[in-house]
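Same chain, two partners: subunit A is paired with subunit B first, then with subunit C.
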Partner chain A sequence: MANIANTNELKANKTGVSAKLIVRIVSITVVLALWEGIARSGLLYKDVVPTISAILYGIWEVLADPTFFRQAGVTLGEITLSVILGAATGITVGIILGSRPFFAKIFEPLLHYLAPTPKIIFFPLLIMWFGIGEGSKIAMGTISSFFPIVLSVASGMRHINPVYVRVGRSFRATAWQQATKIYIPAMRDPVVNGLRLAFGVSTIGVLLAETKFAQSGLGFMVTRYYQQFNMPSMYGIVLIIFAFAIFVNWLFGKLIVEETQ
Partner chain B sequence: MKVNKKPAVSVGGASSEQPVLVVDKISKVYQTNSGSLIAVDGMSFSVNPQEVVSVIGPSGCGKSTLFNLIGGLTPPSSGKISVSGMPVNGPHPSISMVFQEESIFPWRNVVNNVAFPLEINGVPKAEREEHARRFIQMVGLEGFENHTPSQLSGGMRQRVAIARGLASEPKLLLMDEPFAALDEQTRLLLGDKVIQMQQELKQTILLITHNITEAIQLSDRIVVMSYRPGRLKRIIDIDLPRPRTSEIVSSEEFGRYVAMIWDDLREEASKGMAAADSARATT
Partner chain C sequence: MTAKSAIFQKEKWVIPLQLGVTFLFFAIIEIAIELKWLNEYVLSRPSKIFFAFHRIIVEESILSYTAVTFMEVLGASLGLIFIAIPFGILLAQKKVLWQAWGDWVSALAAAPIVLLYPLFLVVFGRSPMTIIVIAFLTGFSPVVIKTVEGITNVRQVLKDVGRSFNLSAYQQFKLITLPAALPAIFLGLRLGLIYAMITVVAVEYLIDLGGLGNIVGELAERYDLPATYAAMCFVVGVSILFFAFLERLEKWLT
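Coming up: the complex of A and B.
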């Protein structure tokens, strides 16, 4: 009985997966066909909605641009540094909040209010403090990534099974050993999840900042193509950024899955 | 059958016969929202070298509180505890604790879990792993060294916890209902494993339990606790031949001990149930 139910479930699951795939392919094809149709119909301004082949050419043009990899490197560097700085501050503050209910009561409601606020409103200030160069972009990304990390670390800390901490105490682990051998491994999941969210918001923060006042970076390239009215290349670079974000997210996803296995 | 109405606290004497553990008029009062609660009230007893002593009592009588007091994780309200003559003010290197809850680290494999206390003491990796393997073997888990806890059964996980407790080579192994979550058969077989280990290491053990069979099967003496306040009701010597196996459970002698302890416990357990019922009625 159980076996039959199981195989039925499996079958249902299998058809579920392939059905999903079919729906996905069909919808992408439909969107692409619609796009191409609109582009070719001349209903909309041809430069605003370029044909797919024009966009593909745009992607190639962006990749062939000798400055592209340098600009991508700038952006990537800014994002990486933002996430590192955001993680360093976020994990530290998160551990303090998670272990000291007194501070948590005072500061955590504030953090919860600030977390969903678009951080771009701080950008004018950041420009005054760090200039229009990479400094203000990194600051922007750091502020963005700080919030998801600090909140997930603080709550992760509170959800640690207290018996693990008691085991550490009973074997007389030092505060440092408790932190590195118990708290951090026990919080791996929330930390990785926080980093993943941090990567997303700091990418948004950095790119958004680059489209405002900047002299380099992918966001800067997007605005430059826009100003040159080079729509195919603009779409091209947007798709490249999109693909990159999917890739990194997938990487974090793999990290989490490995942990739970 | 010998029944000591009075707990024998032998302090001093020949150094070889010095008790491993002395619990001297220990009390713990918790301050709760609904007033203060006396969890443990003036308990005194001692555990001699190589002895296995069980503490038995109904649920909520203060067994885990006593466990945490002896382990140094909870400061007593009054009274003194000493291990091999040294006072316990906080976790003591001569005591290992095996907790009631599942306590092995899910992010470490079996070897690294068992080697944890040695890692804390700064023993080099190769050395501590070799040492850990010895205790893994002793609890019958050879071949599972590199498994993660999620790949083991509940009984195997508790054996890992016991091996981890043994790995620091404590003078006293302190266990709080280590088999409470297991089924009866597994519990009896694990009891055999614990007896084997105890014989091999001459390990002094204080076992906290609410299971009568387990207490008689494993112990030289049984400390019976009363319910609210958690007091020492009496200490019972178990004069069953050693080495014992789980087969002893069906002997006539064993049955007499069960009846005797149940007689003591029934009174206390029904007090506990009445208290739980009235608590439910008022909420």
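Coming up: the complex of A and C.
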């Protein structure tokens, strides 16, 4: 019976997988056909919706541009540094808030409501403080990434099973042993989750800042293509950025799933 | 009581202490500027910022800018209510569609959609429509994901009760599935509106058009530092009120 049930389940799964695959293929085909149809119809201004082949050529053109990898390096460096700075401050403050209810009561509601405010409005000040170079973009990313990390870590600290802490104390674990054997392993998930969110918001913060005032970076390239009205390359670079952001988000997701398993 | 709700449980001493800490922070900055430890040309005195509030309200008409921002958020929210929620319901009802498109919808949430604003500028021109469409797109994924989650997680016992009453598919959806999924749908809508609000202000600032984001940019370009800081504080205050309102609304509705 069990074998029959398993076989039926397998069949159902196979049907599910094939139906999913068919829907995906049909969806992609329909979207691409519609896109190509609109591009060739002349309904919209020429080049606003370029043909698929033009976009593919645009992606190739962007990748073949000798400055692309340098600009991508600048943006990646800014994002990485801002996430590191946001994580360093966010984890420190998060641990304090998570372990000291008095501070949490005063500051956490403020952080909770400040977290979803539009950080880009601080950019004019960051330009005054750090100039139009990379400093202001890193600061923008750091402010953006601080909030998800601090809130995630503070909440994670409070959700550590108190039994683990009591067991550690009953074994007379030193502060270092408690940190490495109890707190850090228990905090991995909220920290990784905070970093995942921080990466997303920091990427947006840095790229938007680059589109406003910058002399380098991928955001600057987007604006440059826009000013040159080079739409295929603009589509190309935006698609490359999207693919990268989705890939990194997927990697963080994998890390969390592996930990849960 | 959960750990989080314990933190947000207001005790009598919390608000005065929060206000006291905020006041102390501003007092330290004022003194630091007075003692020339901080540069007044990059950091305005809190006292000047305080008096600039009157100026930005009366002379700069920041309230009318706020109205423009809220009209744009309203435009995006109509899109979320009438497009994203029905789309989520469709995906929840047709499992194969969710299996096929679910990953794409989630991936969309991770993509920096707001970066498409130059593209929409070309398509819609420098108009509020550009801002509304981008705001709608950034709020789209959370609304769809939470709608699907809400509908697919309706408890089996509730569905069985509906079946035992021989309800038609429409009655089952209207009387059981939708009411049971409402908390998740409202949560999604709240998240979507938060994203939409952030995006509206951000794009306004980036393209120098429309409401609150635009006025912050304008004041910064004039190098009117106290007014710039005051406008920023105003935007933060409006955002906080908006989020607090959404939280209350969600609690009240569910």
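Quick notes on this structure:
By definition in this document, the second predicted complex is superposed on the first by the 242 of 261 C-alpha atoms of A that agree within 3 Å, B and C clash if a C-alpha of one lies under 4 Å from a C-alpha of the other, contacts with A are read in each partner's own complex, and residues count from 1 in each chain.
Note that in this section a residue touches a chain if its C-beta (ideal position, glycine included) is under 8 Å from a C-beta of that chain, and two chains touch if they have at least 3 such contacts.
Quick caveat, the model's predicted, so the values are computed rather than measured.
Contacts of A:Gly133 after superposition on the shared chain: neither subunit B nor subunit C is touched. Of the two partner chains, subunit C is the only one that A:Arg24 touches; subunit B does not reach it. In the superposed pair of complexes, A:Tyr226 makes contact with subunit C only, with no contact to subunit B. In the superposition on chain A, contact is made by A:Lys212 with subunit C only, not with subunit B. Taking subunit B and subunit C in turn and counting the residues of subunit A each one touches, the greater count comes from C.
In the superposition on chain A, A:Val163 makes contact with subunit B only, while subunit C stays out of contact range.
Per the touch definition, subunit C reaches subunit A in the complex via residues 3-4, 6-8, 11, 14, 17-18, 21, 42, 96-97, 99-101, 107, 110-112, 114-119, 121-123, 194, 197-199, 201-202, 205-206, 212-213, 216-217, 220-221, 228-229, 232, 235-236, 239-240, 243-244.
Across the interface of their complex, subunit B is touched by residues 161, 163-164, 166-173, 177, 181-182, 185-186, 188 of subunit A.
Residues 16, 19-21, 23-24, 27, 44-45, 48, 101, 104-110, 112-114, 116-118, 120-125, 128-129, 155, 158-159, 200, 203-204, 207-208, 211-212, 219, 222-223, 225-226, 229, 231, 234-235, 238, 241-242, 245-246, 249-250 of subunit A touch subunit C in their complex. By the touch criterion given at the top, residues 71-73, 91, 93, 95-97, 99, 101-103, 105, 107-108, 116-117, 119-120, 168 of subunit B touch subunit A in their complex.
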